[in-house]
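Report on one structure; see the data block that follows.
Chain IDs A, B, C and D follow the sequence of writing; residue 1 opens each chain.
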Amino acid sequence: MKKLINSPNTFVRESLEGMARAHPDLVRVHFDPTFVYRADAPVLGKVALISGGGSGHEPMHGGFVGHGMLDAACPGEVFTSPTPDQMHEAAKAVHGGAGVLFLVKNYAGDVMNFEMATELAHAEGLQIASVLVDDDVAVKDSLYTQGRRGVGATVLVEKICGAAAQKGYDLARLTTLARRAALNGRSMGMALTSCTVPAKGSPTFELGEGEMEVGIGIHGEPGRQRMPLAPADSIADMLSQAILDDPAYTRTIREWDPSTAAWKEISLVSEPLRRGDRVVAFVNSMGGTPLAELYVLYRRLDEACAGSGIHIERTLIGPYITSLEMQGASLTLLRVDDEMLGLWDAPVKTPGLRWGI
Amino acid sequence: MKKLINSPNTFVRESLEGMARAHPDLVRVHFDPTFVYRADAPVLGKVALISGGGSGHEPMHGGFVGHGMLDAACPGEVFTSPTPDQMHEAAKAVHGGAGVLFLVKNYAGDVMNFEMATELAHAEGLQIASVLVDDDVAVKDSLYTQGRRGVGATVLVEKICGAAAQKGYDLARLTTLARRAALNGRSMGMALTSCTVPAKGSPTFELGEGEMEVGIGIHGEPGRQRMPLAPADSIADMLSQAILDDPAYTRTIREWDPSTAAWKEISLVSEPLRRGDRVVAFVNSMGGTPLAELYVLYRRLDEACAGSGIHIERTLIGPYITSLEMQGASLTLLRVDDEMLGLWDAPVKTPGLRWGI
Amino acid sequence: MTDRDTLGRKEIAAWLELAADALQAARDALTELDAAIGDADHGFNMDRGFQKVRSLLPTLSQQDIGSMLKSVGMALIGSVGGAAGPLYGTGFLRAAAVTSGQQELSPEAVGSMLKAMLAGIVERGRATPGAKTMVDAMTPAVEAYDRAQTTGAGLCPALQAAVDAAEEGVRATIPMQATKGRASYLGERSIGHQDPGATSCALLLKALHSAVCRGRNA
Amino acid sequence: MTDRDTLGRKEIAAWLELAADALQAARDALTELDAAIGDADHGFNMDRGFQKVRSLLPTLSQQDIGSMLKSVGMALIGSVGGAAGPLYGTGFLRAAAVTSGQQELSPEAVGSMLKAMLAGIVERGRATPGAKTMVDAMTPAVEAYDRAQTTGAGLCPALQAAVDAAEEGVRATIPMQATKGRASYLGERSIGHQDPGATSCALLLKALHSAVCRGRNA
C-alpha cells in the first residue's frame, strides 16, 4: 500500500485536522464525536443542512461545508457510516432554530445510523427532517436489494439544497425540494482499479490489466459486472445509456415526518429522463482518474445527451465524490427546473466547491 | 495501461474538445494549431497573458483560461512542449492591443519554443514580453543543469498575474510583477508511483512497493533520489525543509525585452524564505493522490511553517499541476506582499479555479 | 440442571472479554470476507467496537446485567458505525431491556435475551432470513437454543446447540444471493461468498458459550 | 573524386525518406532511452516530426536544396515540440541558409551544411560538448567529416566517418552526467544512460549516408 498517510488509525483525524487548518475561514472540526461545521455556525433562523457518511469520498462531505451548502458533515471511518452521536452533536452545534435536515445516502449503515440520530435529535427537542438520496441506476430493483445507492447526485442535491437553505427556505419547503432534487438524479459508475482501504492495506478487489468493473458504488466494493476494458467512448456510451434508458423507478422508503415526529413509509417514483429535459451533467473522478480523462468522457456524454434531446444546462467535472485513490469515473444527470438551476448558480463558498463569492 | 481514453493519438484533442463543450461560457478551443482561449477574447485594452506547455498537467494550463487568469493556453502533446506556431497564433487571436506576456516554465523545450514564438510574434508587430518560472528547489545549481524547473509556483503566478492583467496593469508593470512573483516561489515534489505516458503505454519508471521518488518534476521523469517509502509527516518535513532551508538562488536567464525587441541576459536572485514572511501555501496532487492525503501533508506543512515563523496567508489544496495519474504530491510556498495577496483574492472564473465571481 | 446453571455478571464480563479477543483475532478474516462482497471494513468495525467495550469493562463490574448490556449497546452504537453498529447496538439494547436489574439469568432468561437481541437486529435492519445477513446466523441459533431448552437441556448444551446452528447458518449464507446490505448491490455475484456479519454473529455466540461453559462439563 | 561525387535533390529527398523510416523504426527504442533520463517522448516527437516531413516530400520535389531543407526545418519546428523540435528545426533552417538555391552540393558544401546544422543546434540550445545532448553526436561527426574531407576522402567515405564518429559520440554520452536538457535534473543519476537526442542525431546522419551511398562503392 502506497499512500501519503502516517498510519491507518490516524488518517481520518489527521486529514480533518489538515482541512481545518487549511480553511480556518470556512470550517471548524470538532472531535469526539467528529464533525465538520461552518466557521460561522450556527446561522440563526436558517435551516441547518447536515450530511455525513464514511470517509474516503473527499471532498464529500466535509469539503462541502460552508456558505451556501452544508452546515455540518459527519465523517465516519474510511467507508464506514458515522455513528448517531456524531449527527446528533452536529445538529445541536449548528442548528439555528429553524430545524435540521439530514441528507442521507441510501446505504444500510448510513440509513440506520441517521435514523437513530434523528430519534436522538428529536428527543432533544430539535425539529428534524431527513431525505434519502438513491440515484445509482446500477442497482436495478429495490425489492431484492437494499435499494439504489446514493452516489453522484448527492453532491448536486447538497449544492441545490444548501443554496435553498441559505436563501431562507423553511424546513418543510427545503425537505420537499430535497426530495424532488434527489428523485431527479441518476448516476452510474465504473472502475479501472480497486482502491485500498488503509486499514486493510491491500486492494479490495483485484482487476486484471484488461478488465474493468462496471456498476460500482463509492466504497471500493466490486461492481455489478466485470467486463473487458473498453475505449472511453464505449464506456461513456454504456454509462450514459444506462442513465438515459433507465425507466421509472419506484421504491418505498422511510422518512422522518417532523410534523408527526414519527417514521412514515412513503412510496416515491423517480421519473425517467425524457427528450426536452434540462440537466446538470456531472462527470466525477473516483479519485485516481485525472481531469483530462474526465473531459474525454464528457465529450461523449455531451454527444449522447444531444442525441437524446437532453439539454445540458450546467456541468461539474472533477473529483467530488471519490473512493480513495480508485481510478474510474461516474456520470450523473440531474434533471433541473428554473428553481433548481437558480439554486445551482447561487453563490457557494466551501473548501471543495466555490463560486459567485 | 488503464486509462479512460480512446487512443493515445486522439487523447489530447478529445480531452480539449470535452473541455470546450463542458465550459462554453468560459473557453473556446482552436485546433491546427491548438490553443485554448477565453470565450470573450480579445479583451480590448488588456495585456494578454498566455502560457502553455505539454499536456498531462491538467487543469494547468487550459483550465486556467478565463476571467482573471489566462487569456490563452497552448497545450502540446503529453509532456511535450507546444510548438511556436501555437503560441504565435494564440497571441494573434487574443491580444487586445496592450501587448502579450508569455509565462514560461523553465524547461529546455518550453523555453526554446516560446523563444521562437516570441520572435515570430514580435515580427508580426506584437508587443511582447516573457517571464520564466523556475521554482523547483530539487534542482540545486543552475550552472550544471538546465536550471530549476517551473513547477507548482506556475499556478500561483498565473493567478496573481491574471488578476493584475484583469485589473489593467500595463505590460511593463505586469512583467515586473510576474518576475517578482516567480522569484518568490519555491516548490518540491515526490512520487509514490510513476505515470504512464499514453503513447508509451507502460510506466516511465518502475518503483518498488516500498520506494518513492523524491525531487521529481511534472513530466513523469525520475527524481533526484529514490528513497524508502516514509510516513506522510516525514515526507512533508523533507519537502518543506528543502523549501524553507533553500538558500538564495542566482541564475542568469534570457528575457525578451519589448523595449529593445531583443533577448537580454539578466541575472536574477531568488531570496530565501525568512522568519516573518507571509506566503500562499499550495499542496498539489500529482493526479492520483486523493484530497484526503493532501490534507495530511498540509497539516504537517502548517506546523513546519509555524515553527519557522512563516505565516500562511492563503492555501490552495488539490490537483492543479499534475502528471497524468501519478500518485504523489508537491509543496509550494510563494512569498506574498499585500499587492500579491490582493491579486490572489481577486475574482477568477476559469474551469479549474474559481472564486469571487 | 443445578443451581449453578445460570449466567451471572461475571460470565457476561467474560463473554465480552472473549468476544473482544475473538473479534480482534478474526479482524482480518472478517475484513477479507467483507472485501469480497462489501467494502472491506467489517473486521475493523467489530474490532473497534469490542475494544471499546473491553475498555469499559472495569466500569461495568458493579452493574446489573441489564445495565451492562445497555452500556455495551451504547458503546457499539457510538463506535462501530456502518451497518453492524446500529444492528448489534440495537440488539444489545433490546437484550438489556429484558435483563434489566438482573444479577443472574436462568437458561430461560438467556433464551429471552438472545431472542430480544435478534428482535432488535430485525427491527433495526428489517432483514428476513435468507437475505444473507447476520440474521441468518442469529435466527437458527435462537431457534436451536429454544429447542434445546424445551427438551430440558442445560445452559451449556443449549448454548452449544445455538453455536452449532449459528455456524451452520453462516455456512448456509454462502449460496445465498444477498437482498439486504451492501452485498445486495452485487446481485448474483454475491452468491458463493460467506456473509461477514453472519460470521461475526457466530463468533459472538461462541464467545458466550466459552464464557459460560469453559471449566464446566457441558 | 568524380563529377558524380555530389549530393543532389534526389538524395536529399531519399535522406528524408530514410530518416522517416529510421525514426519510425526506432520510435520505441528512443522513447525508452528518454524514459530512463527524461520524459518518455523523444521517439514519438521525432517520429511525428519526420512523418510530417515525409508527407511534405511530394511538394518538395521541384525545390532547390535550400528550400527543401527550409521546409523540413519549418515542419519540424511546427510538429515536433519539446526540446528536439526547436533544436533540429533550427539546425535544418541554418543548413537551408547555406544551401539556398543549390541543386547539388559538393563534398565541401555538404561539410558546410553539416557545420551549419550543428551551429544552429548550438545557437538554439547553448549546449557545449560533454553536456550529454545531441551535440555530443553532431560535434564529432562534423569534425570527422571535415578531417576526412581535408585528407581528400570522397563524399561517401567522409559521411561514413561522420556516422562512425556520431555513433562513437552516442556511446560516449553514456558515462556523462547531463548538464543540459531534462536529464540534467537527475544529477548523477543521469550517468550510465545513453542520450536519446544524440541517438536520434546519429540515426539522421546514418540515413544521410545511406541515401547518398547505397549503390555506390564508398
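Note that a residue touches a chain if its C-beta (ideal position, glycine included) is under 8 Å from a C-beta of that chain, and two chains touch if they have at least 3 such contacts.
Bear in mind that the values here come from a model prediction, so they are computed numbers and not experimental data.
Asks: I need the common contact partners of chain A and chain B, sorted by label.
Replies: none
Asks: Which integer distance in Å separates the CA centroid of chain B from that of chain D?
Replies: Here chain B and chain D have centroids separated by 32 Å.
Asks: If you average the CA atoms of chain A and of chain D, how far apart do the two points sit, in angstrom?
Replies: Each chain reduced to its C-alpha mean, chain A and chain D end up 57 Å apart.
Asks: In chain C, what residues contact two or more other chains?
Replies: Chain C, residues with two or more chain partners: not present.
Asks: Residues of chain A touching 2+ other chains?
Replies: Where chain A is concerned, no single residue meets two or more other chains.
Asks: Can the chain contact pattern be summarised as a line, a ring, a star, a complete graph, or none of these (other)?
Replies: Drawn as a graph, the chains make an open path, so a line.
Asks: So, with touch as defined above, which chain pairs make the list?
Replies: Result for touching pairs of chains: A-B, A-C, B-D.
Asks: Can you check the complex and tell me which residues of chain D touch chain B?
Replies: It comes out as residues 28, 31, 35-41, 44-45, 48, 77-87, 124-125, 177-182, 184-187, 189.
Asks: Looking at the complex, which residues from chain A come into contact with chain C?
Replies: On the chain A side, the touching residues are 33, 54, 76-85, 107-109, 112-113, 115-116, 138-140, 144-146, 149, 197, 199-200, 204-205, 215, 217, 219-222, 224-225.
Asks: Show me the residue ranges of chain B that touch chain A in the complex, using the header's touch definition.
Replies: Residues 2-7, 11-12, 14-19, 21-23, 55-56, 58-59, 63, 192-193, 209, 212, 229, 231-233, 235, 283, 287-300, 302, 315, 317, 319, 322, 324-325, 327-329, 349, 351-352, 354-357 of chain B touch chain A in their complex.
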